[in-house]
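Down below is the structure, laid out as structure tokens.
For reference, chains read A, B and C in written order, and residue numbers begin at 1 within each chain.
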Amino acid sequence: MKLLTVKNLTKSYQGQKTAVHPLSFDLHQGECLGLVGESGCGKSTLARCLLRIETIDGGSIYFKNEAIERLNERQLHAYRQKMQIVLQNPSAALNPKLKIKDSLIDPYEQYRKELSLRYFSYTSKKAFIKQLLDAVQLPESLADRYPHELSGGQRQRVTIARAISIEPELLVLDEPTASLDVISQGAVLALLAELRLSLNLSYLFISHDLAAVAQMSGRILVMKEGRLVDQFHRDQLMSDERHPYTKELISIFSS
Amino acid sequence: MLSIRQLSIRSGAKKLVDNVSLSIREGDWYALVGQSGSGKTLLSQAIGRMLPPNLQAEGSIFYKERDVLALSSEQMRTIRGSKLSYVFQDYQGSFTPFRTIGQHFEEYQKAHGCFDSRARQRNALDALDSVGLDESVYKRYPFQLSGGQLQRVSIAVALLLSPDLLIADEITTALDSVSGHRIMEFLAKRQKETGFAILFITHDWRPVKRYANRIAVMKEGQVVEAGEKEHVLDHPQHAYTKQLINAAPTLDRVLAASREEAEIV
Amino acid sequence: MKGWSLPWPKANKRRWLGAVAWLCVLLVGIVAIYAFFVLRHDPTLTNLDHRLQGGSLQHPLGTDQLGRDVLTRLLLGGQQTIGYSLLALTVSLVIGIPFGLISGFRRGLVDRIFMRIADGFLAFPDTIVAIVLSGLLGAGIGNLVLAIVIVKWVSYARLVRSTVLAESQKDYVLIARTNGLSPGKIMRKHLFPHIAGHVLVLASLDLGKVILLISAFSYIGLGAQPPTPEWGAMLNDARPYFQSKPEFMIYPGLAIVVTVLLTNMLGDYLRDRFDVKKEVQS
């Protein structure tokens, strides 16, 4: 079933050239859809538009067949519980003055009235935080620490834990491993793969790293200068039908 | 050409770099791979005698028969820039925001004794051309250029005086893979033309695999494995090297894995 | 408040300075409060038979030119000086902090309007405002406090605003907003911990300045009016007797100097303590 349908989405910033040209794609429930492109190609803009963090200039976005591109903030509240985002820079995504547990509890406190949890259960704040940290393979002792006491990889796991705490259906991951060292990258990708299955999530996995996208995703979209230039299943990656830009990316990542 | 012998760098009692020895020959592309905190940046700073003042270095670094650590600051200044140059990760911070690229070139050349202004301009435009940037960049300000372009300018400046060794400290880490790839292509091209050696410091060995001929892996201040690239990457000996190689996905492995899956089915 | 802990001194040798400063301020505070209960003498009751006496068991610091106990007046004066200074600062904070929070968070038109208002107030130097207000409304310590507030609130508003501007651009605020946290909740939970440190430091450094200001104005007769005991006023009262009984000027003068010194030490300590660069460095 189609979780997300995007039709002819456009977005431009004032006075500058178009960031996203009319763009359409579907995301199916349960899949990990990869989006690969270089920096400045509009993939982050697209991610923010999907989450309605940015306004859209044209086109439509359907979440489970409901149009969300024109909803106001109050109406969007219910949808925001179902679509969460993990951003690139884990240092900026966590409030440095708050303990980990206080950052983690934020989404739950906002949505608790509408929420009926299936995988997590809330008996007390402490127990809830422990479940979240367990899910991302972090020790409970980190709950009382501050972000600067954690490593980059640990911080990113915390932001993932925060995003899954309200059991969304779709997780948009915008360069989730870009600021991490090589070993942490591998670990976080493995964690994400596991979470997708255990929590029944769908991912939009955005990255400039074609290898990571190919590892994580079943279907792959390629973006260049605001346009979708290629769309294929991972098995078709090496096929001759690929767009020249895709082939260029492939050659960069093959050794 | 450059030989580091039993170099240790301390902060008080703590050893940040522990007894490291390695040597770089002319024309090598030497990749130094390690996570943050492994000491790789300190090592590169020590070569240029640019360590922060609270750290002490022991051991020796021989550049063509002379121990760099024993030279006076005068002598060091003649080497830095002309024989030994650096490119850093922070491309924005490497430039003065209110001066054009052309003015940066001017300043650099004047500092190293080039007094003919027409020659300076010619050198600058040639340098820009060699990294694939056209003349219009000469008059631009740093904020008007992209990360990839700025990094290429940094390389152009670093290679202006034909150094023997270029030290590139995480120069592609802050760039996306396509821009990073372009940078490395230019670097490889220039290296083929002029034959300088490169010490390429990085935390991610994957982009550099194609270009480097030798690799050293650093962990917590020590070199755990070093040697020819094929030896280290295809037949890693140390557990940490193996961990590093297997950690992040490479396209080859991903495709091999999906081919296996298809065969099983 | 979540995320904000009291700035107790850390186990560090350099911090003894801070600990001493804390203790002394506490001491002064306690003394000023306890003066209420310990006093045996009415500070305003004149007794011309016993004027200008030296130290004795009954009057440890002697009596002033109207026969009033100096020690009592000194203690009560502390209450006045420090109390009114704290009042002035508190009101400035109560006005300035929300102003800065709203201005920095809302941005746009609201920010521009607020800032023009703030700039307007900034144009007045506190001394002139105090003199003018005294002229218009009559001399008195209340008007002095008002004058101080009028000028001081702006610096807190601006401090808060600049911190809020910087932080509200960050991803964690964006994510909080996306998750539907109300602006009020974001300001309370996420932004307040950032400003608390800066504001506290500024306030403790300002405390010394305000004490001096109030004392100075009372000295020239524009602040506390007789018979209210207040250090600056006491300084002024003791002027004619400087040659015969210099201690009557020394006592309040010393009190002012020591208090201001202590508050400055406290401010320095707090500034060091709150200068937590570690979250920026990592």
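Just so we're on the same page, a contact is a pair of C-beta atoms (placed from the backbone, for glycine too) under 8 Å apart; a residue touches a chain by one contact, two chains touch by 3 or more.
In this text the structure is predicted, and so the values were computed from the model without any measurement.
The innermost chain, defined by the distance from its C-alpha mean to the mean of all protein C-alpha atoms, is A. Each chain gets a centre from the mean of its Cα atoms; the one farthest from the centre of chain A is C. For the pair chain A and chain B, the distance between mean C-alpha positions equals 33 Å. With centres defined as mean CA coordinates, chain C is found 55 Å away from chain B.
Between the Cα centres of chain A and chain C there is a gap of 49 Å. Residue positions of chain B touching 2 or more other chains: none. By the touch criterion stated above, chain A contacts chain B in their complex at residues 38-40, 181-183, 185-187, 189, 208-212, 214-215, 234-235, 237-238, 248-250, 252-255. Interface of chain B with chain A (complex): residues 35-36, 146-147, 175-179, 181, 203-206, 209-210, 243-244, 246-255, 257-258, 262. Of all residues in chain C, those touching chain A in their complex are 2-4, 170-172, 174-176, 178-181, 189-190, 193-194, 278-282. The touching residues of chain A, counted against chain C in their complex, run 51, 53, 73, 77, 80, 85, 87, 89, 91-99, 102-103, 106-107, 110-111, 146-148, 162.
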